[in-house]
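We call the chains A, B, C and D, going by the order they appear; numbering starts again at 1 in every chain.
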Amino acid sequence: ACGEAPSDSNGGDNADASFLACMVTDSGGVDDKSFNESSWAGMEAAAKANDDIEVQVKESSSETDYDPNLQATVDDGCNFIVGVGGLMTENVNTIATANPDIPFATVDGFSEVENVYSIQFDTAQSAYLAGYVAAAQTKTGKVATWGGIQIPPVTIFMDGFAEGIAKHNEDKGTNVELLGWDEEAQTGTFINGFEDAAAGKSTSDTFITQGADILFPVAGPAGIGALTAASENDDVSAIWVDTDGFVSTEYGAEILTSAEKGLETAVKDAVDAAYKAANGGDAITGSYVGTLENGGVALAPFHDFDSAVSAETKAEIEALTQQIIDGTIVVESPASPAAS
Amino acid sequence: MAVDTMTSSPAVVDESVPTRFIKPGTAFSVLGLLLIVIAFAVVSTGDTTTIAFDRTLTDVEWALPTTACVAVLGAIAAAAGAWMLVGLPKRRLKLVSAVAVTAFVLGLLFWAYSQPGTVFRAESILAGALFLSLPYLFGALSGVVCERSGVINIGIEGQFLMGAFTGVLVANVTGNVYAGMVGAMIAGLLSTMLLALLATKYQVNQVVVGVILNLLALGFTSFMYDQLKKAEGLNSAFSVPTLSWGPLADIPVLGPVLFQQKIFVYIGLALVFVVWFLLYRTRWGLRTRAVGEHPAAADSMGVNVNRLRFWNVTLAGLISGFGGAWFTIANSLAFGKNMTAGLGFVALAVMIVGRWNPLGVLAGALIFGFTTQVARDLDASGGSVVPGEFLQMLPYVVTLVVVAGLIGKAKAPAADGVPYNPGDK
Amino acid sequence: MRLELKGLTKKFGSFTADDDIDLVVEPGQIHAILGENGAGKSTLMNMLYGILTPTSGEILIDEEPVSFNGPGDAIAAGIGMVHQHFKLVGPFSVADNVQLGREHTQGMGVLSAKAARNAVRQVSEEYGLKLDPDAICEELPVGVQQRVEIVKALSGPKTELLILDEPTAVLTPAEITELLQIMRNLAAAGTSILFISHKLKEVQAVADTITVIRRGKVVAELEPTASEAEMASAMVGRAVTLQVDKTPAEPGEARLEVKDLTVVSDAGVKVLDGLGLTVHSGEIVGLAGVEGNGQTELARSILGLVKPDEGHISIDGKDMHGTSPAARIAHGLGYIPEDRGRDGLVAEFSVAENLVLNQYRETPFSKRGAVNAGAVRKRAVDSIAEFDIRTQSPEEPASALSGGNQQKVIIAREFSRPRRFLVAAQPTRGVDVGATEFIHSRLIAERDTGTGVLLISSELDEIYALADRIAVIYNGRIVGEVAPDTPREVIGRLMVGGDIAAPDDAPAAPEAEAPEAPETDAPETDEEANGGDR
Amino acid sequence: MSTDTKAPAADQPDAGETPEAKPSFMRLFGRYLTEANSVMVTIYSLILAFLIGAILLIVSDEYVRSTYTYFFARPQDALSASWYLVRDSYIALFEGAVLNLNTLDRFAAGTAEFGDLLRPLSETLTYATPLIFTGLAVGLAFRAGLFNIGAQGQMIFGMLGALIIGFSFSLPAVIHLPLAIIAGAIAGAAFGAVPGVLKATTGAHEVISSIMLNNIAGLFLVWAIGTGFLHSETKSDLITKPVDESAVMPKLLSGLSESLRVNWALPLGIAAAVFTWWLLSRSTFGFRIRAVGFNEHASATAGMRIGSTYVTTMAVAGGLAGLAGAALSLGVGSSGITTNTALEYGFDGITVALLGRANPGGIVAAAILFGALKAGALSAQPDVPVDISTLLQAIIVLFIAAPALVKAILHLRTPRGGLVTLEAKGW
């Protein structure tokens, strides 16, 4: 808003900081238990670590809000502006072109504009490992995944997960079946939203009755429904996405592992880099793709399930990680990050 | 000394004389024939439809030949249609229509579950359907109590939200999930009290108030949700256990459906009968129905119309508030913005489908729960020919068909929505 | 009970409905109240019954001042009331309607259906008002509904004063006779009665004293010996001609021909059962009958709102099969509906708009898809002058008009356009003597211009005053067509399904004071009649 | 739904009141101010709503709340903190919706252009535009006694209709744009007519069928966007193809600044309001709509066809909502629509119609007010919680719908002719 209004209600107490980093969410809002929330956590972490950085967030309720929100961050005098979501990339490009002096970043999108830094993740890699673990751990021979909405940041997880299972079936001669996603046809089960946790719960229940004992919900907050379903069924566990669910949710006991996406770190690093650039360092530009190699994506620790996962499986995961890093295994998804 | 005003009764059309029903007859005949065509042309001959008793008799599975089943069901529907065309006794019309509709729907189900990999897990699906019908049940029952007293309650959605939100909050603050349920009921009560006050004391148009209350509840819960986020542990999920009734739970079909559910199910079913009894068998019910039908008549007999309306509406909030707790506590979920996703409006439709009668409401809610559950099951099993979005439309389409085709003009309580001003005549 | 009103006044806003009314009702007295529409009669009664709170003045019961917070207090004080507009809950049974507000329970608020049923039986036996406690009220004929209202009023803990607000408006002559006898019996047993009616003969027949109210003020106290003309002029404030002058009819060609008309209701009842009727130009055919015998459906079929199941209707020689109401109206059908509030007027519309409600698409009222406000207003100004419609302006909403003036708006609408045939259903229902006089003369004038008129009325007086020929409808059939000089009791018998021939020595007096006459031929019980009616 | 005055229900005016010979203007004016007439009720409703909003703001701010813990020790802290918070919050809303004071300073200093000054207004009008259409769609149906709760679904179909014509052809803009707009209106009208037809033929209540159709439309949209026919060729997100350049609503003020998003859909909306006004109050069709809305029995008796009135009214209403969809997919959403583009404009249309008392002029004003609240709230975040805007909307409409409440709270007098209340039919 206006300059004289206090704008510290969201970003810690760095009231007289010299550097203002701003973020615009996509329609999920800042508490989406998914990429908006993780990005915001990265922003806040940056502010916490450096008293001279202040952060603020503006939420969008639809893509028609992107332009005014981005424009408002410019008007507010933000020194670094992060747009979250691939759909916002074009809007970021437009405003970045109009404001060449301000550094921008786009999360989960790729931009070629000079002053826009792209932050992307090849989450198919971490999901691949998760799929492998799931195939190794299932007792019923059936695991299930379902998504919020059929969009690339979601389906990339599902693709990687499917390939990980296929890998296990191939190597170990198992016949683990994946419910809820057909990688070939790119069709599967979606609840058409990220909000309706009750729908997520009943979809998960349905999979459980169909025999699945490991659930992989890729649906932000609606995914909580899978965790509650798992909590009500002793033999069922779940794999979380984006963050380490053992830490970020209350259902640690149900979570076998998580296909992490290191958004928080990446965003924090970007803010730090922008801060340095503003204070005489190199300008922040180009793009970043989180991979297993650079730690931008990872398989979270097993926590409570550590003893349940055999040493053999753990070793195989190690090996697979190495193979992906050195390129012997390429996890491909139609939704993999654009050219970088 | 009484003089008879009617020495002979007027001619009555004999209900048992066959009458022709061209439109429904044609419709059911065509639908039935369609099923038969599907059975032979679309379904491949070897297909089977598997029905499993997945929770009690885990090793029993019935594999039925799809073609034969669909064809038979199609024939039943077509025959019902044909009977209507040649003429059937009028009093049989409803029954025959119901048979035709059921046969057609079952035929579609048999077809849908013939895809490889799909199994109709009867017990899980029916149990899930009963559970999913609860929000509609609670919402519609609350609506029944309000509208039977002549106050339209469009604000069920808002009362759900308030209940869902407060239920979790209170459970967190007290650490007791049952206190949370009571909290949800009180939140529902307080929000309908506003409706009651505006509708009776200030005579505001009830539809308008309902729309506003929804907006208010949405704004309020979203706003408070953001506020609560700042503090830890005010919006953590709480859950209630599934009650298992010992050996009863092992009865095939009935066991998993009726004797292995959460307390919400039992409260819901009990409420149906309690509300029915109260409405039709007690002094309160007589007065409530009178006030909803002809308030001036009730007033002239010394019933305080607006006071009764006020308290009825206020108390109905207990039911819809409790329905709100279904979204959070029954589903073991924390509160989320706008998490009721429009179900409160659908509950309103269920109330009308149920013709403002608790028993009808139960039937309507079950239809909804069942179609929702089947749609989810088919979507999740992945074998469906129809895109998931269309499966998810199923409950809404079924309601449209039921309302347009079978129910027609449902008759609301005559004074529903009309503010009562004692000075009026 | 001795009731006394002292200076009772009621204001609605700045409008004074009742102004300083003094009145005394002695125990066991039948006290009639007369007055034009809107004189303030019902308002007065509603204050007595606790529905309205007086602005000033006091009510004394047995010399004790009382004040009622609601009807409950009045009932407790021993007052029972039969309202002008029925206050019955339609879908309820008779027993439920009677017990509403003072329910019979078996503890814990659970109803006792048996006790409620017995209570109704007891009261109905005590006063000879036969009723089936389990009948559903909305399915009963109006006459029986009226009986339910009376039983309700008498079922109070100790009803000593009975208020009857226009109880006879919807009853047949026989039922009226019966009701008047009940009133006499009650009075003889000590119950005081306040009786409101527009039918002067009834008042003459039962009242002990008569109070006349005009514009909220008591203007006269009359003895029951006063003549009808005296009463009428006291009510209206000027001399009223109660007799309509008319010349003999000169019927011409057929304007309405109805053949074998059959209409089946949703409930499966044949409400019209092969009805046939012809009306010629230049004549008024009066359709007499107890309400609910198919008059409504006949009128609606003629207009085209009800689709007949069998039979033919032609208007002015043209078969109307398959034509819409709009086409029939355009073809020259005039239609005065029986329920003016429901079917006749859009209450929220202005008087001007209501005057063109069925012509707004014709020239000059419409021009290229738009309503020509100037033409509409001009028509309104003309009609208001011609038909003496009392309104503040053409823009005033119809709801603001008194009932009589609302009826004049409908009459004006139908009489201000070319028409060949007119259906007039209950054209003067609830309309006071002055307005009735006006409407009657217009109908005669209408006939004299050559229009065919079908007059549907449950008011025998009206039929006698206007009709050139009388057809009697019963159970959806025309059971007799008779000349206008046929004696009242003959028609009365036809109306309830009897024969034209008198059963025995029927008294010649047509007036309502012959309660003993029809008594002899009442073999069936009412329960059966009610049951068969459904 | 009517806007009529219920004269007979009037309360008693002050006793003993006698009309004065010649009241002075000031007296008359003062009298007007303390009377519950529709203008003053609206103004007081706004004031009361903003007062309640202020309380919520104070309660929700941690710092200000903390100053209240020692209120009795040092009240000036709490009071000044509250005052500044409320003042700054409302200024922030104002700046987002009407005029940004910062930009004004920069403009004065020569560092901002005139166009920048207009941006908040442009945003307000941009958000108001779809609301004008959906508000009219609901308001028109109200007049025929129909509760069109289905504007959301009608708008979605309008959006799809306009979009398909918008990307399928490449024509000169003078042909293409009108064609796409008409396609949106037709798609919305067709979908809107369904509840009308169902009501006319089977008696199914339009509220139920509209609710069902809304849900169906929402799911249909998700499916449609994903189909090969509509789905974007360049993006894998759930977004459609963009409309062709020639079908994009031109911006209204692009001459001043490219960032002013308000486009030609706004004048179109105003034209639609004028058309609706003419239709309702001047045309024979409007005569019929209103007659049927008030009393269908009397209308049928007068020869009007009730069923066809329902169908046509719902179709016209659907067409208006369809235009809202066209305004979105050819305007702010011209680069492709998603499942979120339609937001809740259809449901908000109900509130707008109620606030505008189902009157075209009132609807336009209400839509602009809501647009301002939305634009203001968007730009004022994160200082002002976003949901404040929803709350303010609800509270404003609540008071406006309940003049008796405002009258009771502020002890206003009853105006001549009684309180103006909103009327809508029951089931």
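Criterion: contacts are C-beta pairs under 8 Å (C-beta built on N, C-alpha and C of every residue); 3 or more make two chains touch, one makes a residue touch a chain.
Keep in mind that this is a model prediction, so the values were computed, not measured.
Student: Write down the chain pair with more C-beta contact pairs when C-D is set against B-C.
Tutor: When B-C is set beside C-D, the one with more contacts is B-C.
Student: Taking each chain's centre as the mean position of its Cα atoms, how many Å separate chain A from chain C?
Tutor: 76
Student: How many angstrom between the C-alpha centroids of chain D and chain C?
Tutor: Measuring from centre to centre gives 47 Å for this pair.
Student: Would you kindly tell me how far, in whole Å, the mean C-alpha position of chain C lies from that of chain B?
Tutor: 44
Student: Report the inter-centroid distance (CA atoms only) between chain B and chain D in whole Å.
Tutor: 31
Student: Which chain D residues sit where two or more other chains touch them?
Tutor: Residue numbers touching two or more other chains: 62, 219, 222.
Student: For chain B, which residues are shared contacts with two or more other chains?
Tutor: If we look for residues of chain B contacting two or more partner chains, we find 226, 389, 392, 423.
Student: Where in chain C do residues touch at least two different other chains?
Tutor: none
Student: What's the complete list of touching chain pairs for this entry?
Tutor: A-B, A-D, B-C, B-D, C-D
Student: Would you pull the chain A residues touching chain B in the complex into a rising list?
Tutor: Against chain B, the touching part of chain A is residues 29, 31, 144, 146, 179-180, 182, 187-190, 192-193, 195-199, 201-203, 205-207, 209-210, 221, 224-225, 228, 231-232, 250.
Student: In their complex, what parts of chain B are in touch with chain C?
Tutor: Spelled out, the residues of chain B in touch with chain C are 1-13, 15, 90, 281-287, 289-290, 293-294, 296-304, 414, 422-423, 425.
Student: Going by the contact rule at the top, pick out the chain B residues touching chain D in the complex.
Tutor: 147, 152, 198, 201-209, 211-213, 215-216, 218-220, 222-223, 226-227, 230, 342, 345-346, 348-349, 352-353, 387, 389-390, 392-393, 396-397, 399-400, 403-405, 407-410, 412, 416-418, 421, 423
Student: Show me the residue ranges of chain D that touch chain A in the complex, using the header's touch definition.
Tutor: Those residues of chain D that touch chain A are 61-62, 88-89, 91-92, 95-96, 100-103, 119, 123, 219, 222, 226, 235-239, 258-259, 261, 328, 332-333, 335, 338-343, 375, 378-384, 386.
Student: Which bits of chain B are touching chain A when the two form their complex?
Tutor: Residues of chain B touching chain A: 54, 119, 121, 124-125, 128, 132, 226, 229, 236-237, 239, 242, 327, 331-334, 336-339, 341, 372-373, 376-377, 379-382, 388-389, 392.
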